[in-house]
């Protein structure tokens, strides 16, 4: 059983009719429904809940956290953002979706601006697998076609990912590193590009399949807690510790 | 001509006799002398100067910044630390030495705790090259022996480096990823482990050779400024921008 | 159920008493016994069997192949070596143990000499985890101590590994990248250093734990077969194919 | 002064009028002219010369070898292919252009099939920089537009590159990792995608700029020759060598 928490700022869906018509109960609800049924225990949390729904109790029982935010990044408190980043370093899996590239926890974990080019013009995106051995590609076709998506274009200002899993081609001529893995401390991070709020991307089965795979991949290993600080030698050598 | 600024907190050397005896005019002065003569224009800056010696004027004319700090990390202002990190993202090379692993700018750029094991016991460190093609190893022997150094041991909580250049063996049984490269934005970062303040490490010619090579490597490329934000298609496709 | 085939040249154990006393029925038998009981279906194969025990029938039903060889690398036929490398590219997991670094299939897959330093002097090896998030480290302590092992030292002439999982410290002062992952085509490869034939390394529980984890990690993903060669456009653009 | 040898199979240009009209004296001549004037001493070599023009004397005085081949890969002798690969491992820089992805030396060094998708339909290729800090991008715009090129599409069956520098977008919807670095032994390798024989790609200034940068990058470091084989301990520990 993997405990999954889906965090969504849940603002667009309340105030923009175009978004509401695609995700009437919120992106988080569509994701929760779509990801169901693989031994995941799924909860959701949103910005306007106390502590943005990310209390210690919730985080203590979260193996993998999904994050979707866009227009309200600044309304996430610094304290909660710092706590989420710290939990990731401590081993919680973290799957950052689409415009979450500019979220506070992701930027803290990357150490870069996470900036990019963008355009909303209903164009076609084709996502190609460049790492077919990766468990995130398990059972996924070598390409995923999204008929209408927002464009994100390089240069995407992130550190070189540990593993590059997907690259997108956009009709207007751009490319984008659309599936990237990172580790920070004991935590595994997957950034996955698709999911503009005005397109029904999160209903598309291949997209959900990738996210399901990513949840399993990001599930923390049961590793011994790392030791830090002043240490006795493993192999005595006659030296005197100061 | 590469403009190099060597930043040193310059505290130990004033208050600890043991350190003063090794670096009477400060670590920065020993480094400045030792790195001289390769077409570098070298300046130094220290904590107690206004803006820690890192004014906009200084940073504007710095190609590569070296950083040594230890007991006074917290006395570096958040503002200056943020500015240094931002300059690195903008292209300034950044060479972080030894206990600089815990400095504010390095931690911001890494996104991790940067924690490690340590021990001061005068033990032998042997630094091995694991990437002999790398320009930082140019003309450097396949191993560097430091007769007495502080131990730093794994797990070193950094992101997986882009390139691993050196690994250290310590007498007490530990290993350490002692030479690591990263990029953040347009900037190149090299972390180099040696240099505890009570040992004459920065007088050792091989250590200085590595740092000289790293300065040349970290010198920023003359790249076109990256474009971000809303973008017209490169290849028109009949879509309508929203 | 993962189908595992353990390949051992099985020569030392027949002709060297010192080895026979440690592995009386062969290294492969000790490994097969030690790895049992995790949903693995384990078979063994040895050099002196027809086709070295690696018939198409055996390879067709192998998910992950383990390889131990040393004094008889040259007696492995080029044909079988090429076939094994091809199967790895096709998705078969491949775990190369200790002196297998010089085996024909591994050298073909790496494209390098795979040379290294070595010394048999009964010295202590300490293996440190440098990637605690990795599934190969799952449940493994942050260090593994082998009281007596052969030394392997850097520079280890391999391509930069995709992931560096373990680094060893040897008593004589060397270091070694002891746990390295690679992919080739659809196949996942793990090189794991320990296991000199005169030491009881493959009876040590932590070593077996790492190999069990590696088997699970190397198990091929169920990916769509990649397409190669002449391709129609996904997105018609009015061009004429020549 | 960097000694550059440009190797071209030089077959298309003699027998296909369409190619001859673009490169009347051969691709190698166009490249030699275009790359001139940066402190390079440039020679060319072709398939029909004795030893394909790659005698020991030529290789002994080559710092960086460029390779273009396509229809005659099989006519390169195994002996010369092996020698070239061995020289690369020994430190010679190696820049593999376009259809050289299927050349014998490149495949030996990669250990994979190096297969890909392709299509000749005169479509537009846009090459994007994804690593603006890299010296191969020095002074290169963030995108290069080639109005007419052959399509190469993912999955490109290579090992994960050490550094990914460029990604291409093709009009028909594909993407490709167009600029990839690798190291093998002491040698640096750069694969650069563009250059189909029927298009005037190698006259385009940005393409030549990238290749010039790559030559400088691939120039071997002056590293101490690596030691391999049986080794005395650096740090005596009382063990007895067997």
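The letters A, B, C and D name the chains in turn, as written, and every chain counts its residues from 1.
Note that a contact is a pair of C-beta atoms (placed from the backbone, for glycine too) under 8 Å apart; a residue touches a chain by one contact, two chains touch by 3 or more.
Protein identities per chain, from UniProt: A, B, C, D = ThuA domain-containing protein.
In this text the structure is predicted, and so the values were computed from the model without any measurement.
**Q** For chain A and chain B, which third chains touch each of them?
**A** Looking at chain B and chain A together, the chains touching each of them are C, D.
**Q** A-C versus B-C: which has more C-beta pairs touching?
**A** Comparing B-C with A-C, the pair joined by more C-beta contacts is A-C.
**Q** Going through A-D, A-B or B-D one by one, find the pair whose contacts repeat those of C-D for over half of the pairs by residue number.
**A** Most of the C-D contacts reappear at A-B.
**Q** Taking CA centroids for every chain, report which one is farthest away from chain D.
**A** Centroid comparison gives A as the farthest chain from chain D.
**Q** How many angstrom lie between the CA centroids of chain A and chain C, rounded to a whole number?
**A** 32
**Q** Centroid of chain B to centroid of chain C, CA atoms only: how many Å?
**A** Whole-Å distance between the two chain centres: 36.
**Q** Got the chain A residues that touch at least 2 other chains?
**A** Residue numbers touching two or more other chains: 124, 126, 129, 131-132, 142, 153, 155, 160, 162-163, 171, 173-174, 183, 185, 226-227, 234-235.
**Q** Where on chain D is chain A touching in the complex?
**A** Residues in contact with chain A: 124, 126, 128-132, 142, 153-156, 160, 163-164, 167-170, 173-175, 177.
**Q** Given the complex with chain C, which residues does chain D contribute to the contact?
**A** Checking each residue of chain D against chain C gives 85, 89, 108-113, 115-123, 151, 153, 155, 157, 159-160, 162, 171-174, 182-185, 226-237, 239-242.
**Q** Touching chain D in the complex: which residues of chain B?
**A** Of all residues in chain B, those touching chain D are 91, 124, 126, 129, 131-135, 137-143, 145, 162-163, 171, 183, 185-188, 220-224, 226-227, 234-235.
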